[in-house]
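Below you'll find a set of structures to go through.
Next, two complexes with chain A in common: one pairs it with chain B, the other with chain C.
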Partner chain A sequence: MADLQQPPVLDIRGYSLDYEAPNGTFHALKDINLSVPRGEILGLVGESGSGKTSLAWSIMRYLPKNARETAGTILLSGEDLMKKSVSEIETMRGKRISMVFQDPSTSLNPTLSLGTQLSEVLTRHRGLTRRQAWREGEAMLARVGLKTPAAMMQRMPHEASGGEKQRVVIAAAFACNPECILFDEPTTALDVITARQILDLFVELQAETGVASLYISHDLALVARTAQRVAVIRRGEIVEQGPVNAIFAQAQQAYTRELIAAVPDPRRRLVETRPDVSGDALVKVEEVSVHYGRTGFFSSLTGTRERVTGNRAVSLDIRRGEILGIVGESGSGKSTLAKAMTGLNRFEGRIWFDGRPITGLKDMDTAYRKDVQIIFQHPDASLNPRQKIREILSRPLKLYGSAAQLDQQIGDMLERVRLPRTHADRYPHQLSGGEKQRVAIARAFASRPRLVICDEITSALDVSVQASVIELLLDLQKQSDTAYLFITHDLNLIRQIAHRIAVMYRGDLIEIADAETIDSPDRAEYTRRLIQTVAPPAGATHPSS
Partner chain B sequence: MSASYILKRLMMIVYTLLVVSLIVFAITQILPADAAVMMLGENATDEALEALRQSMGLNAPIWMQYGQWLGHLLQGDFGHSLRTGQAIGPVMFEALGRSMLLAVLSIGLMLVIAVPLGIIAAIRRGRIADMLVSLVSYIGVSLPEFVTATIAVLVFADLMAWLPPTGYVPLTENFADGLAHLVLPVCVISIILIAHVSRMVRSELVDVLHSDYIRAARMKGLSSGTVLRRHALRNALLPTITIVALDVGYLLGGVIVVEEIFAIPGIGRQLIVAIQARDLPSIQAGVLIMAATYSIVNFAADILYAWLDKRIQYD
Partner chain C sequence: MTEFLKRLLRTPQGAIGLVLVLLVLIVVIFGPSLAPHDPESLKPLARYKGMSAAYWLGTDQYGRDIFSRLLIGARATVTMAVLATVVGTLAGAVIGTTSAFLGGRADEVIMRTIDAVMSIPSLLFALLIVNLLGSSTANALVAVAIAFAPGMARITRSVALSVRKQDYVSAAIARGESASYIVMREMLPNVIAPIIVEMTIRVSFAVMLFATLSFLGLGAQPPAAEWGLMVSEARRYMHLSAGILVWPSIAIALVAIGFNLLGDGLRDALNPRT
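Our next item is the complex of A and B:
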């Protein structure tokens, strides 16, 4: 627990940071006051662009050339980091203050073994020989819960799973027993279950070592589960900070309350419609299997075939006006199914759409495409950056509807997704992430589809933006009675909005259950594990345990 | 690296060479040259020509001629030159040896200069050193080798008289003199490669230096030098292997020009002589040997790359 007798390990006082840009000065951080005593985890929560990562780089003394520090001090155990020379900082990084990054697949060098990347910290800061460092590294890997540490040291990053890699990164961060560690969204790039394990590991190591931790995240629910105190940052300013329970129980700032309200909570159902259960289902998926991997020229000569199964004989149906959620870890085959249904993947088996058999791409004619639309995860990748919004939205209108009064129609579409009509003249890069996803939604709805496949469409968005996009989708659904196939890894979110939930695991459909009863103890073992892993968000009704 | 990966790549070479042999054979069939006329001269009688064609198998169907030619090739028999009547194989391979010496020296010189230049430019990105390297590279890239060769001969051989202008002396005969004869051609070939490769090294290194794992390495407290040496350089230089191997393709073409200018009896020169004399079997052999060289160099590059970057075999 936090030791309040001693001075804080990390102490930031009145710190301000500007970036000089060609079009003026950008105030990234304004008068930041934060302190983390030994043994404490301080959560720093903010949306993207709020300045939370800038603060991390300020602490690590790794700022771009156009950064200007206009005021304040950053103290590590009483020493002013801002007064240290480059070489002094280099001897402190990794030894007295270290950092864990968001995505272990990019923060590890792909061409060096995991052992090399772990032991180099030890040779650098603890003066060990390579051999000693290697042995010490194995011990560290055992400590972070890796089963075969000696073998893991030898492996290359691509030979380890995301969770294993993040454990190696954490081992490196803890290797020299630092006073302070910064965690920058360390579980965002991981699967639900893996993320939970990594979080548990972090809490355990933190308690063991008492290291002062700054845990940076956009996910308030996640921070609430790990941190003792939370600071909320918005547009470069700390708007509120205090103990987790106090913040959840009685947030002083409207912005904090908004953030709390935006956290998906399965106890609060958002969907009001009921699917039409009379008559036949809109979509019937019968024994659909997808295999990846082409048979290459030489493989066909030698007769070897390597096939990876994406879906194994999946059968399900979607009713008219239903929201069917599909949850699963990455690699569980949920997106594969979406791709099969839109003709992006070959499949075996059969799909019935409104009584019509669809056996492959050749059956997916314009009528089918008009009825079945898909929205992707990253609007940056799915909107053509060289086209104005007007052009992007006019395509489906010309293809499926009438091109008459195009401007009028495009304006109406933008209004339906609650964007100003004037956005038609903008390019995608002039819009925020949430706005771009709204454009993608407008495009999908342009053809008045009967089924919209949403493939992780909110997972690249901030929690608060996600909430508003979800609200929009539910509104559109109420107006148009469109069915949704909503693919996500966020179990709490899907429990709020789906009528039924399909659980997938490694290509298999485990089960389909009503959203209201998905947490019943009769569910399949894997479903129960998922539910347990993703406990409902902490807060007033869920004191920190 | 798995054996199947190597096997796959080897199969690829066999396949490539088969296609090349087909193309080479087809082209020489289209060329307006009659082997019999070439051998007996313009004044030969029709009977004599016909008899020769018969004995050379020139009247057989084309696919049979191709089959025979390929069969001989597989036994290492490239046929005999129409011009000199000598066996082509030994002549071509001896010439190839000289060209390879030229190529290897050029690539070596290029690497020694281009890689450090690229590194300096990347580290000092946007500063004077970077701009200087860029400027020199652009000049190097834009000058064709016959221009640089002419200037080089003019300045260093004619004006200064430091080096012999043209000719070739085997290193085994007179090492110093042989080397002196190689200096100018090697420099001329290197210049264009230096420009190309240094720009490549620069852009790769700039990319790598901006990657997350470099930042992560810095955050471990490693010094800039260690980060550069251990984490950045290796990854930045990997694609250079492929580029250099592809440059061998340019080298084979460029060598023809340079060998001609400096009168080096390499494979490029042999090919030019063969083309001028319409010596069909020699042309076929020359082109095939060049294609094989190119394939084998790229094969070696692939293997080297896969050995250095362990991810490759999974692709």
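Our next item is the complex of A and C:
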């Protein structure tokens, strides 16, 4: 594989990068040493804010104005990129070094057809005529596994799915046979199954062309499967680097070990409690359907209705103190159900809560709201940026019960989620992502609810933070015997914590299975596919690697 | 607060705007005690005088000191403009945010009504209101405020629509908060930055709108020292002494420019990402 005789394609030596911020200098990267030889994939793993994307932009020579490069060199096949002029860099980008971004829907221009965007790279860097470039583009698209390349060339970005778009972006990156390609979280914005396919494609193309690849990701499990070597970056410094197996088998640094341990592993169950199955279910969802879109004035006259279905007749039940997981790809209707249950979406059908029928918004009175709480995915968005934590936490107290000794109660709430009492006087932006999510959890638990809906609450957090938030949730569950409806796309995580798992696909509920037996072969076909595609967790606990 | 001031002073627009607005404020507060002459004392022998040590900016057609009249008139002109803008802006902001929050049919009804009101030019609209209510300073204020509200409502609604989709609004709905709490406490504070910027810019429009109303004889009445009125009265005598017309015009322009620059500065200072 890696050819050790030649000099490395990408060689970064002692590279440091600072950002000039209004309140002083921020050291984004410190003394980075990395090298990627031809034919190798180097995984760069780090949490958010660790400087991994900054490094990618330094290599692409596209830095913001306040960036200062204080030391080091970046060499591409022995040539110093930092000494190149702007025009030299421009001819190099796309031809000798290219980049694949996280979100294909924003990295493609929505007003140009896919073919135009792909052939532009070819006409610019390989000097082909437009007709040659178009033909070559079709061949490229066939190579990245698109079934109808000729038709795909004509399509606009919005007419292609996320996976198809990412394939086009990858085709463009490989178009000029570059020496080096940077991948910045190329599968994070995609569904699990699509992500798996893209990853397979990437590994295949990489082996075929032998391009040196720097694969940036926050997902250790993913990197373990694709890369040959891994570098772990933390706060702008490379903590550890080495071959994948060595790192996962015997990490030298405590930080790396923490990172590996925080990756969810379905074999390590985190809940021991069993829900009470004897009594009635706490919540029964009966044939709940959700449709989106408003009927227009004219279509209501003519009687034609065009509606998008969010949920199709979903029925499930949640017992007291149970953790029910809902998994599915994006657009499978997981969040739609959560929104219907909290009165954010209109629905048809019926929800029974503790024996009481809920048929719509009007039945959701204060008592129901008090018992059913929701926590959202992004704590940045779910906490009002203009309110102090004190005001945010005081609202449920004022709405549902006693507002006596408010400060005392708010302090207690903060302590329950293991935050200092003094955080009450802060604004959300003064807290870290994990702390913000803890505040959101405290707010949800203020009313002592009987059901808490967790809508992807850890997917915006780093692995290590995710682990501590999950631990907190499970502790709270043990204390209060609250039932959770835990919505996530992370199968490994949900297999660790849920009692039962519901699988959804395109608005339909496929099946509900016990978490322990979800991987048995007699599950529904889609469930089996989902289980197969999820990256097996890497690490020391993985005996086969 | 000091942090905010520092950010504001870092941009030249913010710094100049702040200085100009502070200057105007000083004149508004201390103007009458600073004025060297009685603004209404007529001196038939000292008409159309140019600049001199006794009359810094000269005298007008009745021999009144222009500088004193400007100092005293600031109170009426600027206070009225700011008040009318604040009232109009707040009304518009609440309407716009409510409309965005309600959505659906209610939103349509509110916004189409606003469109209808907006299709009448604001000056014409103000004239109509003053005609209906009778010409007085208070009615002119109401007229300008109402004329400003629809435009503000539109701007606020467009900002509020994106806030409406934020999870904290969803969280508030799911918590069972009242509509008024969501509009006033959850949404309004998050749309306030563009509103403040728009408001400072509109203060200068208000100064000019008041001047126009006075000019047409529907706002302040002579011999009040309102700046717009001064310009309108000076029109007939400008061939005798340009100063009568120029100085009040410069005063109006300074206020307009000051608030405009302050608005630009605020826009940058209120956006934490710059």
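One rule holds in what follows: the second predicted complex is superposed on the first by the 536 of 545 C-alpha atoms of A that agree within 3 Å, B and C clash if a C-alpha of one lies under 4 Å from a C-alpha of the other, contacts with A are read in each partner's own complex, and residues count from 1 in each chain.
Going forward, contacts are C-beta pairs under 8 Å (C-beta built on N, C-alpha and C of every residue); 3 or more make two chains touch, one makes a residue touch a chain.
Only a predicted model underlies this, so the values are computations on that prediction, with no experimental measurement involved.
J.: Look at where chain B and chain C land on chain A after superposing the complexes, then choose clash or fit.
T.: By the criteria stated at the top, chain C and chain B fit after superposition, with no clash.
J.: On the chain A superposition, what angle, as a multiple of 10 degrees, is formed at chain A by the C-alpha centres of chain B and chain C?
T.: About 30 degrees between chain B and chain C, seen from chain A.
J.: Mind working out whether A:Ser48 is in touch with chain B, chain C, both or neither, as first, second, both or neither?
T.: Touch status of A:Ser48: no partner.
J.: Is A:Ser107 touching the first partner chain B, the second partner chain C, both, or neither of them?
T.: First partner only.
J.: Which partner does A:Ile374 reach: the first (chain B), the second (chain C), both, or neither?
T.: In the superposition, A:Ile374 contacts chain C only.
J.: Touching A:Thr342 in the superposition: chain B (first), chain C (second), both, neither?
T.: A:Thr342: touches chain C, not chain B.
J.: Look at A:Ser382 in the shared chain and tell me whether it touches chain B only, chain C only, both, or neither; answer first, second, both or neither.
T.: Second partner only, chain C.
J.: For A:Arg124, decide between first (touching chain B), second (touching chain C), both and neither.
T.: first
J.: Check whether A:Arg395 is in contact with chain B, with chain C, with both or with neither, and answer first, second, both or neither.
T.: It touches chain C, and chain B stays clear.
J.: Please give the least Cα distance, whole angstrom, that chain B and chain C reach in the superposed model.
T.: 7
J.: Any idea which chain A residues touch chain B in the complex?
T.: Result: residues 60, 62, 87, 90-95, 98-99, 101, 103, 106-112, 117, 120-121, 124-125, 156, 158, 169, 172, 298, 301 of chain A touch chain B.
J.: Taking the touch rule as given, give the residues of chain A at its contact with chain C in the complex, in rising order.
T.: Residue list for chain A touching chain C: 294, 339, 342-344, 364-366, 369, 373-374, 376-378, 381-387, 395-396, 399, 429, 440, 443.
J.: Quick one: which bits of chain B touch chain A in the complex? Just the residue numbers, please.
T.: Listed in rising order, the residues of chain B that touch chain A are 8, 11-12, 211-213, 215-224, 226, 230-231, 234-235, 238, 308-311, 314.
J.: Considering the complex alone, what residue numbers of chain C touch chain A?
T.: For this pair, the touching residues of chain C are 104, 166-168, 170-177, 185-186, 189-190, 272.
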